[in-house]
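Every chain is named by a letter (A, B, C and D) in the order it is written, and numbering of its residues begins at 1.
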Amino acid sequence: MTYVIEMRNIRKEFPGIVANDDITLQVQPGEIHALLGENGAGKSTLMNVLFGLYQPEQGEIYVKGQKVKITSPNIAGDLGIGMVHQHFMLIDTFTVTENIILGSEPTKAGKIDIKVAEEQVRKLSNQYGLNVDPHAKVRDISVGMQQRVEILKTLYRGAEILIFDEPTAVLTPHEIRELMKIMKLLVSEGKSIILITHKLKEIKEVADKCTVIRRGKGIGTVDVADAEPSQLASMMVGRDIKFQVNQEPYHPGANVLEIKDLTVLDSRKVAAVNSLSLTVKSGEILGVAGVDGNGQSELIEAITGLRKAASGQILLNGKEITQHRPRKITEAGIAHIPEDRHKHGLVLDFSIGHNMVLETYYQRPYSKAGILHFDKIRKQAEKLIKEFDVRTPSVDTPARALSGGNQQKAIIAREIDRDPDLLIAAQPTRGLDVGAIEFIHRRLLEQRKNGKAVLLISLELDEILNLSDRIAVIYEGKIIDIVEPSKVTEDELGLLMAGHHLKGAHENEH
Amino acid sequence: GSSNGDDGSKSSGGDKKKGFKVAMVTDTGGVNDKSFNQSAWEGLQKFGKDNGLKLNTDYKYLQSNQASDYEPNLNTLVHNNGGYNLIFGIGYLMEDAVKKVAAANPNTHFAIVDDVVNAKNVTSITFKEEQGSFLVGVVAGMMTKTNKIGFVGGEKSALIKKFENGFKAGVKSVNPKADVLVQYAGSFSAADKGQAIANSQYGQGADIIYHAAGATGNGVFNEAQNRKKKGDNVWVIGVDRDQYDAGMPEDVTLTSMVKRVDNAVEQLSKDAMNGNYHGGENLQYGLKDNGVGLSEHHDHIPDNVMKKVDDYKKKIINGDIKPPQTDAEYKDFLASLK
Amino acid sequence: MNTKRLSGAMVPVISVLLGLIAGAIIMLISGYNPLQAYGDIFQMVFLTPYYSGETVVTIIPLILSGLSVAFAFRAGLFNIGVEGQLLVGWLASVATALLLPAGLPKVIMIPACIIAAIIGGGIWGFIPGLLKARFKVHEVITTIMMNYIALHTTNAIIRKYFYAEGERTPNIPDSASLSSQFLYNLTAGSRMHWGIIVALIGAVVMWFILWRTSKGYELRAVGFNPDASLYAGMNVNRNMVLSFFISGAFAGVAGAMLGLGTYHYMTINQDFTGIGFDGIAVALLGLNSSFGVILGSILFAALETGEIGMQSLGIPNDLVQVIIALIIFFVASNYIIRWTRDRLKKKGGGAK
Amino acid sequence: MTIMEILEIVIPSAILSATPLILTALGGVFSERSGVVNIGLEGLMIIGAFIGAVFTILFEHIGLGAASPWLALLVAAIIGAAFSLLHAVASITFRADQVVSGVAINFLALGITVFLVKKLFAGSGQTPYIDHRINKIDVPLLHDIPIIGPLFFSNIAYTSYIAIILAFVVWYVLFKTSFGLRLRSVGEHPAAADTLGINVSRMRYLGVALSGALGGLGGAVYVVTIATNFGATTISGEGYLALAAMIFGKWNPLGAMGAALFFGFAQSLSIIGESIPFLKSIPDVYLLIAPYVLTILALAGFVGRADAPKASGVPYIKGQR
């Protein structure tokens, strides 16, 4: 039996860290092979080695039994290896077709033969049921579509072995299901897939084999059919994991946030939020479920003052905060864990300590008469770092140097410490490993327990179902239903999110 | 009061004062600006060679890279190589620096070109640009076929105004019907603007342009050459020095209004070496002293025009005609013509 | 942390050395003696009081111009408009000195003139800031355009309202002058003036605003990440405009130093002073820090004063410009230095 | 003057003075589209102007006659490209701050050229005048066409046509060829390009070298059509204007050309303005600053936000996140 891919005893070092330490990976033709590991375990590194982006210090790679040296993505491509990266490698301003053909364009007398190219893209897209518009600009299409463009890029290059690095982290449940179908279709056509994911459920669903990596070391490979999710989880983190669920009794209090007939325009002046109404009470977690791009981002931006509301009202504790500046809203008692931690959550070039007072630097005791008091800031930062277990070499380390999970913890520490009446948590666990997720969920539940209101926006249905007291489903800028988690199945929720009202609709609509 | 350097110039021969050293500070144009810095340096070099002085010790120049260099450069020459006896500051921009340094160093003699500094140890050298400009105005006024003539200035300064007003007066004296288009580029180094202005003036029918605009004038020449090549009969009158070469090979330089800074510098150096520094005097060089005038190259000017030029030259030297320097004087001059 | 900061500062130092070495090589090739040249510069600038004084005269506006660029950089903005802001500040200070009664005491006159320069330069910086904040117009274009507008406008104003013979304004009254007999005597007749105190105060002010005040924290945050700053409740647009105002104000004060110190008048300028462009280089050489800007200015000014000495050796003064360019170039390419250093360290670490 | 007469003066003159800016701005487009900010355009123009003057003189000297300026343009483009490699090495290979490196290029170009002029021409601060310029001509036949003939085919230099055609060529290359697609991809998202096997450094080197060639050409064209010799002040600010034109034109070759023509037009208009009776009473400072004010107004008024290529100014480090 020859493996289509065999990586033997791979070692890859970065300054100060061994990212891959003697890892072996064997993939059989026509299988979906999962690669599982915590954040920073070394999965992406291993795949980047396979794809020729990194050169390993040690180890050998065999493709279809042949020993190879993959020194560049070109060579990987020639060997039939394609990669869908964790962070998409797409050019926003280019069209789908341009992104796909880039680097191997069909030309006629020097000119790109765009007709031919589009035809090829269309054909491939139809063949695998991907359904992308070759003309569309990448920045105008959804994340799910963008991922399909990434897949097409590899198929266009004739890839036989596809690497998917955390493909589902950014997808909606619907999109995830579509992706699973596509993957199955791909393997049925004889391709092999390496799938990196943190989500055990997905592994269970599609993967044939699973290799687990912990702190750069290979822990082992198991047949997925024989393995329980909990077993995989403990293999991954080296201890038992307890999944947090919202089990405390539900005693909602007064309305903390009231939204009435809110309309918000997006950057293209289209109503992304369309006369939406919603309330969040103290002592509850209200989950907002919905397919990405249905107005969630605009809704949050309007509440937090980052975007102007076109019409409608937003009340916090009964007081109007519509059109207020972000600072007034923050001071009024809203905290916000932003969905993009790099863009909004942190000033990456500031130290982690200074990031801890990003919203409060001008207040006492951090600042008196316009002068900063560094000792106070440091003390606060040290306190939060300790309390929220943010792993950083020091308070002075630039935020940029922290891992994603620790950056997220820092943000959450900062936001929760302000003791807000309303905590808005947008995609709070995106891309994090189960350990970090567990921690964050516990904190959100604590807020609830302390009688605060939490507005949770997430594309992870599990997260919504496990934590929420009520689930508001958002579709095309409107809340089309509010359901209780215990009374709805994941499938029903999926239907709602796709805009189908449930038969025998619930009473507590709005 | 004006007095000319006549006395000194006569006693040029004879006893060379031992150890006489002379130097100059250029403005930012440097000694090869094809203008007054270069002319001054040529004068100084001639003086140095003729009198067997040693370059860089007995006679030298310092170039200024920015305006703030004037003062230190002058001061450097006060002390450098044991100190220079006579130090020229070239250009009106150096007026203040010369004044200050002269005040601080009463035992060194200074000279300033193109401006006046009233101090016992400073000799001021100025030129009557309006006189020379008047003559080339006469040439232009008589030779224009279109009765349109252009004047292109660099910066609108009092100095350049002398060129403009003298020129216009010359034109109007011989050809009251002629119209002078005047435009300033706002810069001495914008060849593109010079060309655009020339294009506009020629385009409006001018056939002769007089420029007093430094390197901006390059554009004027270029435009004229272009037009000449296409068969238009257009001319440029150069400035400061003989700009015959700037008009070649199309030969568009009608003549140039030369300013003999070289002569003035050489003359004063000689006098100073002989002990006459003309301290506190303002040496004004005009037509009378051949300080200004038409260049050697004026082949394209017909004899009758040259005759007229000579007539006017005499009248100016006599004092029968006083070419205007300022706008106000020009207005009076025009009125007097009627 | 400390060693890291130290080695960060090593980069400009090494760049300067490399620049000087490259300059020396050019001199050798062209047949001049570099040791003598550098020796003369050193001798002149540091050991001859007159030239030391003149070097300080050059340093003063350069520090302020460098601070202007560095401040904007810290706030994420690229201010190529220092030239224009400097001209406006220069005119504002001189005009104020000429318009106020000459008999006013220095303690009123000088601050008034400097404040006028701050306002003048500040407004000239404010405009591109506002255009960027309000209309998202790229500051590089607007500051370039504002430079030309300042050049022509200040000239026109001088011609119309403040004209004196010699294509300049009249001299400012003594009460507005930063010069002093003491400094004059101390430096054997140089133009050195008390503006050096102003420049050093400027450096402290920049450091203090940026690193000690909450406003500075805000300005830097906006510079690094406007999105996060907005999220954190800062008014990004207002901060952008404010940064540009402050940056322009520094440039304006640089202009005031020319008016109140170096010249005591303002000339009708045919071209830019060059101080603004040098300021970009000084800021970058100084790693956009106050202290670095001071050091960078000293180096630049020393080289520029040294030109006079080099001319006396017959070395074309343009060579100094080449050396300055090379130094900037090596600063820019500091990666080459870091890379070499890391290489050496690895080797030093021994075989693993 | 009638409107037509005014336009007949203004338009050819606008085109002439815009030509060097168009070429240089096109160079800027190449460089920045590949992800390398190029503040050094001024320096590249200085080099080009220097080479343009020196080599025209040299070629005239060896008897090449009217071909001299044309050959000099070629040399200027080549040397411009070579000189720009300094910027490329610094900013691509050595990951320099691109703004700093560009500023260094400007200083270096001025220092070196003035130094060399002195060495070459016996201490002179500027070169002699060239004898053979590239002249403005009336295009045979076409200049007789009513209205557009006098506006666009009279009194114009072939270099202007070359610049305008080049703008279209550059547009075609950038947006229609695989080279252009790759160049732009490197400026937008180098990591993406890298994973597709595109050599990021090589594309960026090419982008910078092209900017050097075009900037050099722009400077040389300035000399052989306008200035006719080279000195320290020959190029003073044109490179910055070209940079502004590139941004004004939103990093699009045709836009850059339009912006450069706009600058030229604004300047010509301000010059002719002094001869138009109704504008004559306006103090000339208003006309002097008009081109710059107009540009700002245009940007604020209707052009608005322009987005630079995303990766422009960011050194690409393989494997960095």
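Criterion: a contact is a pair of C-beta atoms (placed from the backbone, for glycine too) under 8 Å apart; a residue touches a chain by one contact, two chains touch by 3 or more.
For clarity, every value in this text was computed on a predicted model and none was experimentally measured.
Starting from the Cα centroid of subunit A, hunt down the chain whose centroid lies farthest away.
B
Which whole number of Å gives the spacing of the CA centres of subunit B and subunit D?
Taking the average C-alpha coordinate of subunit B and of subunit D, the gap between them is 35 Å.
Express in whole angstrom the distance between the two chain centres, defined as the mean CA positions of subunit A and subunit B.
76
Using mean C-alpha positions as chain centres, tell me how far subunit C is from subunit D in Å, no decimals.
28
Could you list the positions in subunit A whose residues touch two or more of the other chains?
Within subunit A, no residue touches at least two other chains.
Multi-chain contacts in subunit B: which residues touch at least two other chains?
In subunit B, the residues touching two or more other chains are 156, 186, 189.
Two or more other chains in contact with one residue: find those residues in subunit D.
233, 236, 284, 288
Touching pairs of chains, which are they?
Pairs of chains that touch one another: A-C, A-D, B-C, B-D, C-D.
Can you name the residues of subunit D that touch subunit C in the complex?
On the subunit D side, the touching residues are 86, 89-91, 94-97, 99-101, 103-108, 110-112, 114-115, 118-119, 233, 236-237, 240-241, 243-244, 247-248, 283-285, 288-289, 291-293, 295-296, 299-300, 303-306, 308, 315.
Of all residues in subunit D, which touch subunit A in the complex?
It is residues 176-179, 181-182, 184-185, 188-189, 191-198, 310, 318-319, 321 of subunit D that touch subunit A.
Give every residue of subunit A touching subunit C within the complex, in rising order.
Residue positions touching the partner: 304, 306, 325-331, 336, 338, 343-350, 354, 358-359, 361-362, 366-367, 370-372, 394, 396.
In the complex, go through subunit B and note every residue touching subunit C.
Per the stated touch rule, the residues are 56, 62-63, 65-69, 71-73, 75-76, 80, 92-93, 95-96, 104, 115, 154-159, 186-189.
Mind listing the subunit B positions that touch subunit D in their complex?
Listed in rising order, the residues of subunit B that touch subunit D are 29-34, 156, 181, 183-184, 186, 189-193, 195-197, 199-201, 203-204, 215, 218-219, 221-222, 225-226, 229-230, 245-246, 248-249.
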